[in-house]
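Letters A, B, C and D name the chains as they come in the text, with residue numbers starting at 1 for each one.
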Amino acid sequence: MKKLINSPENVVREALEGIALAHADRQRVCFDPFYITRKDAPAKGKVGLLSGGGSGHEPMHGGFVGFGMLDAACPGHVFTSPTPDQMFEAGKAISGGAGVLQIVKNYTGDVMNFDLAAEMLREEAIEVATVLTDDDVAVQDSLYTAGRRGVGLTVLMEKILGAAAEKGMTLAQLKALGDSIRATGRSMGMALTPCTVPHLGKPSFALGENEIEVGIGIHGEPGRKRIPMASADEITEMLMEPILADLPFKTGESIILFVNGMGGTPLIELYIVFRKAAQIAEKHGLKIVRNLVGSYITSLEMAGTSITALRADDALVGLWDAPVNTPALRWGV
Amino acid sequence: MDVLTLAQIRSWISAASAEIDKKSAFLCDLDAAIGDGDHGANMTRGFTAVVKKLEGGAGGDDLGVLFKAVGMTLLSTVGGAAGPLYGGFFLELGKQSLGKQTLDAAALTALLDAGLTDIKRRGKAELGDKTMVDALAPAVEAMKTAGADLTTVTRAAADAARLAATNTAPLLARKGRASYLGERSIGHQDPGANSSALLLEALAGICSE
Amino acid sequence: MKKLINSPENVVREALEGIALAHADRQRVCFDPFYITRKDAPAKGKVGLLSGGGSGHEPMHGGFVGFGMLDAACPGHVFTSPTPDQMFEAGKAISGGAGVLQIVKNYTGDVMNFDLAAEMLREEAIEVATVLTDDDVAVQDSLYTAGRRGVGLTVLMEKILGAAAEKGMTLAQLKALGDSIRATGRSMGMALTPCTVPHLGKPSFALGENEIEVGIGIHGEPGRKRIPMASADEITEMLMEPILADLPFKTGESIILFVNGMGGTPLIELYIVFRKAAQIAEKHGLKIVRNLVGSYITSLEMAGTSITALRADDALVGLWDAPVNTPALRWGV
Amino acid sequence: MDVLTLAQIRSWISAASAEIDKKSAFLCDLDAAIGDGDHGANMTRGFTAVVKKLEGGAGGDDLGVLFKAVGMTLLSTVGGAAGPLYGGFFLELGKQSLGKQTLDAAALTALLDAGLTDIKRRGKAELGDKTMVDALAPAVEAMKTAGADLTTVTRAAADAARLAATNTAPLLARKGRASYLGERSIGHQDPGANSSALLLEALAGICSE
């Protein structure tokens, strides 16, 4: 394992120290327990947006803390959901009187830890609502399982709800908006290479020089199936078709299309994927009204890509275009 | 042996911590195969913190206070799915044993049964879903029919859990991360079932001294 | 070789097609010859900023085309400098009557091709000046060699000159400002892994599981020396000390500190590097007035990092803070 | 053989293209060792374009026009350092041969000498800097003393270039990308010197037919 780290135990702490030094103009980092808030937290009268999850997905979530997006993010250990005390302290720190909205990716651990934090916050008389993301179509949905994973849609969710919160939406309105985004966004991902969790020191799975994993999540877990290496166009099709078929997205609809890198994939390849994804969307009669291309929700140094499509009416596009000022996403300000 | 003392419960926790620390890599490997490879690290981090906490004097002379300290510490250090599940498990043990200084076989069985119920409530997992429940449930069942001698009762629990943990391999995961793999989860043991088996093995160890 | 591509020959063209689709709001892509201009080019009365170089360094340079930065960028084949006809056509397309400034990384090929383009543009009565970057302290400077490589400083150069051009600086003023930036910025880089040029199909060099290359450029070439794997702090020191000693940067000076990822290194590691780099800068009595952390000048999927330090007075900081609106760098607008 | 005709010069260019295409991977490997691994790809792309251009009728019946077409095409397709250097080389050949239809040994030698001078002017490389100059310069020198028979003269050029290209290995690079490696450039042949040797080998081949 070759990584730019000092020791597996200190990865998260030292990265947070770097973040604190790099983004002191916009963010405040708490080290006991770990969480990041925007510098001016709490925003009086505004619903506080709280998210978090395992580390190793940078820039998500810490890179999305700032005006127009998240009020706070709680980083867990690498690929391990954070603990309730982190969300509890962060929640209190960003509570401006209008309640706290938790944005939680649908993983058993994340859900249970955020639930416990919500209980604790309510005991402090802070109103809490929770929005889940479970957009990964690679996982068969079922009442009898943990359900689908929350992946790329989380980025779009945090941007759009962040804008809505700035505009003064109430906790109930944000919860409703979040649920509708959850219902109309879908994603799927693949990996060319595995990634190595620092404390494990070896790749989470082995892939042959000619194999790829399709239907992976964001925790270095194996995917739904392993297939021979294919061309960028074929791979993009393998991701786009299930995404479009699942909702399904219908001819004439407008979408935000997000092509994400898993951490070790260069931008030049993501544009080749976006090219094909856009062609496929067009073939399906979809209008790409906005797009995002880059590595925003990653799995350490894994090489691969994920694609997310979200139905977008004018109101949603307006929220997407609204000013945002975070280390990872910034425009309009 | 008819009663477990507070001191022995403390020794159980330390023994469990040592056991998990020894098997940490094994638990991580199991988790890497069908999850995200952190279960061993999470449990080791948690129980190391617990032991530190208890050595720091936490727990006092009340089983309820002791178990609560264990639960709270696990809750804030383990993370992932195992954190709330094991944390809640020990918090439940705390609730049920508040005021007590000792446990006989019947009390211990009832206590673990209550903890198991809390895990099932929180995780909504049924027997056969390929989770820690698959190790804990048979263990508690075995205890109920193993008589009043704690040495026998805890040994029965440990053996039942060990066997059941191994037998999670052929199961198709329906809960937790492994469920994302669908058919590909078959053929691998569940990490949490194994960590549960380790906890009970440590308990049996204490009761056989 | 596992890459998200369709064929080595089409990598640049298809990536440009993706860029054209993704950034049609801000950029225009010409396919014969290859170049990218901002959508509203030429900007009347403004000096046109022209850069370019081999592909495989994305987002540089195409991702920096837009308001407040470059007017045009010419992508060559992977790691191969573009040809004079590209710069010639791009130069004509962005010439708004105030001349064209070429920002060229100091590589023999880039320099000679841009020189030829400059001659051709002058024949069209377009005034042309050229600013070089040669900031890589890993290369010993000498009159008898090709000199030092242009690396990370190029990103800061393009941002700052872009802002100055928007403010109406003349070609001569921009050339002077560029030369002073060239004189006061230094960089150094290292690699944990090599990268694979698509048409080669195999890594440009082999590194053992326990080896790293120190003093690399951005073309997958071997570095100055190969050493055993070290900690992030040790590696950061190996890069920072030569950088600070070379200029030298002096106690009390203000700097912009840029920690760059080589393409395959996850952001969480870059923050760990930034943490140490900032500590070292502080130890030397330097004040970090601005910083940039991310993968902006890359070598395909190479894992590694480079650090750039640039002396920055208030005027320079003002230009750094000025609004920029490109796919890769955006703020203030 | 005492004169090279326009048709033979055309055949030289096609033969050179074929030669370079065959050795493309070899040239890339040499460049990967001390440069950026693209020299073979650059040269192949360039000469393929040149051949296409000439087959398209470019070049006409004037050596000057022919060489200019070759130079312009290389300039806009090769890129990197080799593009302007070889492009400029052939443009210079074009300038010096404008109006001519044939070349005798003396004229050919003078022509290549002029091209070499252009490369040295543009790249500021001296003999021994580990560049294409190290192959071209000895080749031109050899031609000057090889008499009037083109078969002998071009063979002398090809052999001198081939030998000199091989002998670039022990040199410390002072120009081009390889110079960044400092001491580490020692022990590897220069890619450009080798592509130059290939061009002259192709020429010798034509003149031996």
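Note that a residue touches a chain if its C-beta (ideal position, glycine included) is under 8 Å from a C-beta of that chain, and two chains touch if they have at least 3 such contacts.
This is a predicted model, so every value here is computed, not measured.
Common neighbours of subunit A and subunit B, by the contact definition above: there are none.
One finds 76 Å separating the Cα centroids of subunit B and subunit D. Centre-to-centre, using mean CA coordinates, subunit A is 29 Å away from subunit C. Inter-chain spacing, taken between the CA centroids of subunit C and subunit D, is 32 Å. Centre-to-centre separation of subunit B and subunit C, using mean CA positions: 55 Å. Chain contact topology: the protein chains form an open path, each linked only to its neighbours in the line. All chain pairs in contact, by the document's touch criterion: A-B, A-C, C-D. Within the complex formed with subunit C, the subunit A residues making contact are 2-7, 11, 14-19, 21-22, 55-56, 58-59, 63, 192-193, 209-210, 212, 229, 231-233, 235, 263-275, 278, 288, 291, 293, 295, 298, 300-301, 303, 305, 325, 327, 330-333. On the side of subunit C, the complex with subunit D involves touching residues 33, 54, 76-85, 107-109, 112-113, 115-116, 138-140, 144-146, 149, 197, 199-200, 204-205, 217, 219-222, 224. Taken together, the subunit D residues at the contact with subunit C in this complex read 28, 32, 34-38, 41-42, 45, 75-85, 122-123, 173-177, 179-182, 184.
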